[in-house]
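Should a chain be cited, it is by its letter among A, B, C and D, assigned in written order, with residues numbered from 1 in that chain.
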Amino acid sequence: MTNEEIKTYITAHASEATFDETGEWLTILIESNHLKSLAAVLRGQPMQLDFLFCLTCVDFKTHLTMVYHLTSSSNRNINIVLKANVNSADPIIETVSDLWRTAEFLEREVFEMFGVDFLHHPDLRRLILEEDFKGFPLRKDFDDPINMIKL
Amino acid sequence: MLSLESITKTIQDWLLTKFSPQIALTLECVIVILLAITLFAMLGLVLVLLERKVAARIQIRLGPNRVGPGGIFQTAADTLKLIMKEGLTPDSADKFLFNLAPFVVMMVAMLLLAPIAFAKNFQIWDINIGVLYISSVSSLSVIGILMAGWASNNKYSLLGAMRSGAQIVSYELSAGFAVLTIVVLTGSLQISEIVAAQENGWWLFKGHIPVIIAFVLYIIAVTAETNRAPFDLAEAESELTAGFHTEYSGMKFALFFLAEYINIFIVCAIGATLFLGGWMPLHIGHWESFNHIMDYIPSSIWFMGKTFFLIFVIMWFRWTFPRLRVDQLLNLEWKYLLPISLFNLLLVTVIAIMGWYF
Amino acid sequence: MFLKDYISDVVNGVSSLLKGMRKTGYYFTHSKEIITEQYPDNRATLKLADRFKGEVVMPHDENNEHTCTGCTACELACPNGTIKIITKFDITPEGKKKKAIDAFIYRLEMCTLCNLCVAACPSDAIKMAPNFEHSVFDRSKLTKILNKPGSKIKEGIE
Amino acid sequence: MYTETEIIKDNTDLGPDGELVVNMGPQHPATHGVLHLVVTLNGETIKKIEPHLGYIHRSIEKMCESLTYRQFIYVTSRMDYLSSHINNTACALLVEKGMQIEVPERAKVVRTILNELTRIASHELWIGAMAMDLGAFTPFFYAFREREMITDIMEDTCGARLTMNYIVPGGLMYDIHPDFQTKVKAFVKQFKEKVTEYEDLVTGNVIFQSRTKGVGVLTAEDAISYGCTGPVARASGVRCDIRKIDPYDAYDRVEFDEVIETAGDSFARYMVRVKEMNQSIRIIEQLIDQIPEGDFVGKTKNVLKLAKGEFYQRVETARGELGVYIVSEGATTPHRIKFRSPGFSNLSVLDHIAKGSKIGDLMATMGTLDLVIPDIDR
């Protein structure tokens, strides 16, 4: 599948998706409330992007962006980056852990590091941080009182 | 020649000339107790050092080499350290049982010492049901371990104790059957008679293949019974941290540690007695001169040599094999060792009845 | 059939165990295979790799001169603030002011021995030394001043 | 936020259905570091495993946001410390890709050799630790004897034994040691002789086989769904070797096989790693005499700046696929950096494959997943 074919295929299923080809891989930008349906399309036939090899979040100060790196285990040359913006104040997005099981842990990590709330996540609890930890460490506005480099 | 036999005789005669028979008996008991305790302490020190040295050599290391020449005082130093350490008792433990358990384990090990013939006519108690006594008393050690595991109020300890219970109870069977083969061949339960029956050759050589099989089964079963690797499930370091003695420290831990090594010594001594002729020197058929030379080596050295050889074999096992899983351990016993030893016992009985052994 | 499998199971199992015992038995009887290095005893003969990154040192020549110009390239290159350079102004014989280092402060306890400072140094003033016995009783002793007292910069180094 | 089964404060507490809840770790002989597993047991049988992470979390991702593109590489050595060279390579490759830095051939070949040596060293350590988890103490020392030769080579060339920081954007920090080739050849020779010892002591051993065969079975579908990579996924028959899919450095010019097993159990994972060591030796043998002459580092600017955009680089570490994802705003430091660590995904599958097995099996499963805790926590 070439990028053009992928684009037409995705546009057919999710008309609001926009594309960005400046990077190494094809990047799809989608509204956060349409993310789940598009993810399901990508996961299913004929794309079969069954391997979510990276899930993370980026803080752009104005908003957070969820980034999903997808590939297919049968054809590792197809790599697609799926992005969805969520607002920083009240970040809510649908979970993808039912499509890719690995997302369960990765979303838990994003949940505690960025405070993104994943709807319908089976077990959304803190994985790394302590129970009483305040703040979201990987957000840009988080300032660690003990910073070895700044000391 | 100055042998252990003559020393004991001299002492006994001297005591009887000085005191009345009752007091002499009491004094003899005291001497024996003191000797037994000394032997225990010495064995503990020597065996732990031996184990560490054997492990080091197998693992291409040097082993203890700092305290004393070649590290021979290492275990003494360790013991000193353990004595000086505080013996902690966990808050939520059953304090009475917790403190009792190491002593139970230790006492069982001590009781087993009684019928062992260390040299010619050098035996604490030549009981006529010696073998039966050994197999019944040795199964008591599980009580101490279960006690320790339960009283610690620690989940790892409990798991370890449960494993140990299942293990010792099962392996007692095949150890018993292996011992029975010799009883069948000798026709006696008395240790001194079993040794005497091997004057013209050890049972291992006289008894054909069935006795060799019984010997192998015995070694496997007692390795399991003493909770040694590859059957060290009760303390399985990588699974249960330290198993039943997780909560023990200081001298109470040292007692468990000591008891483990004493138990190894005892089962190996019994193995040497039953299969390798105890204190009997190596005699080969009609090589009169060879047999004569062998007789010059004191019987106590023969006994100790055989025992330590078996101990070495058990240590060799430990540093070579991975640990079994708990269900595989029971599988091994119930599906392999037990049927084989039952069949083997039958075979030995046939051999004994037909008189096919040498 | 079952009996055959059973017996072959036992035989294979035992033979695999014996194989392992032969290997360990070989090492038990061959003491020349022992690889232990008795560290504090072999200190005299112990030779570390010449590139070993143990700590940052500043080599001084026989005239107590070093080549550090105090350009702070190493301070900038250091990822965790290990190096701090305090500069002063020397008066050269011609009466000009010249920048020189007053103290090259190196905090070993924060150093990750990444070699970035050495790579960044334009005048090869610092290098990594193969010293590894760094334990001291007081943490403050790990903060070192690398330029020796009274040392000065070598002629011709800008 | 925690439910009551998670952290059992009083040792006498039981789970909701009266199960035994055991805190395995953070100090436990078999978790190799500070992994904390809350294991719910029914007798000896495992009902549930919950990992609790963070005991060694240093927030490397946050730290890297304030480090320049030259500096951030040294931190990654401390992630998966057993494949620090490979981690460094990943970061260097990403910076090179982002700035279009030409890497000299010599550097590429040396990097490949060092990466493969690192892989062997990592697998050697793993084989020893894994045998130790299963109760065999001796293979550990035999494995370390060979590993010691590799660390000696590393010490000679890179100046460090574990956290090398030898690979920089553009090539290498300094040239290889003059003895490098002879020492590597000596290692290859000794390794080939001694690798049979593992066969005798571990692979062929009936106890080891019965402990690992059919234990912790991971199907190919689950391996993909859980994002497993590296030997864990390859043991389930998933082709995922980045060295084949997306060759970097000199991997496109060497011949080697991607080791695939299909059983998916602990023994298959073990076999994959043992065979992988032999493949690494094959790669080293092909390259060791072919190190081209020339520069060891390419021309780079003094201050490295990545263009605005996003960059992703993946490499195959000893544990699986390591991804480095950088969002750059055009400054000298990354805006956001994410390390996709193989251990994290491999750990997430533990509950799934160890459920229903015995405690002893957990050690085999955990051992063959080859978890390095700093890699999981980062």
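One rule holds for everything that comes next: contacts are C-beta pairs under 8 Å (C-beta built on N, C-alpha and C of every residue); 3 or more make two chains touch, one makes a residue touch a chain.
Note that the structure is a prediction, hence the values are computed from the model and not measured.
Engineer: Compare the CA centroid of subunit B with every other chain's and tell me the farthest one.
Structural biologist: The most distant chain relative to subunit B turns out to be A.
Engineer: Could you let me know which interface, B-C or B-D, is made of more C-beta pairs in contact?
Structural biologist: B-D
Engineer: Could you grab the centroid distance between subunit B and subunit D? Build each centroid from C-alpha atoms only and quote it in angstrom.
Structural biologist: Going by mean C-alpha positions, subunit B sits 45 Å from subunit D.
Engineer: Centre to centre, by mean C-alpha position, how many angstrom separate subunit B and subunit C?
Structural biologist: Computed from C-alpha means, the inter-chain centre distance equals 51 Å.
Engineer: So how far apart, in whole Å, are subunit A and subunit B when each is placed at the average of its C-alpha atoms?
Structural biologist: Inter-chain centre distance comes to 63 Å.
Engineer: Distance between subunit A and subunit C based on Cα centroids, please, to the nearest Å.
Structural biologist: Inter-chain centre distance comes to 42 Å.
Engineer: Subunit A: which residues touch two or more other chains?
Structural biologist: Counting only residues that touch two or more other chains, subunit A contributes 149.
Engineer: Hey, what residues on subunit C touch two or more of the other chains?
Structural biologist: Where subunit C meets two or more other chains at a single residue, that happens at 17, 20, 23-24, 35, 79.
Engineer: On subunit B, where are the residues touching two or more other chains?
Structural biologist: As it turns out, subunit B has residues touching two or more other chains at 58-61, 319-321.
Engineer: Name, in rising order, each residue of subunit A that touches subunit D in their complex.
Structural biologist: 22-25, 27, 50-54, 56, 58-59, 67, 69, 73, 76-77, 81, 100-102, 104-106, 109, 125-131, 137-138, 144, 149
Engineer: Residues of subunit C touching subunit D in their complex?
Structural biologist: Those in contact with subunit D are residues 12-13, 16-17, 19-20, 22-24, 35, 48-49, 51-53, 77-79, 112-116, 119, 128.
Engineer: Touching residues of subunit B toward subunit D in the complex: what are they?
Structural biologist: The touching residues are 55, 58-61, 92, 153-156, 158-159, 163, 229-230, 232-233, 236-241, 319-328.
Engineer: In the complex formed with subunit B, which residues of subunit D make contact?
Structural biologist: 11-12, 20-22, 28-30, 41, 44, 131-138, 140-142, 145, 201-202, 205, 207-208, 210-211, 358-363
Engineer: In their complex, what parts of subunit D are in touch with subunit A?
Structural biologist: So the residues of subunit D in touch with subunit A come to 1-2, 51-54, 57, 59, 61-63, 66, 97, 222, 224-227, 229, 238-240, 245-246, 309-312, 314, 321, 323, 325, 327, 335-336, 338, 340, 344-345, 347-348, 352, 377.
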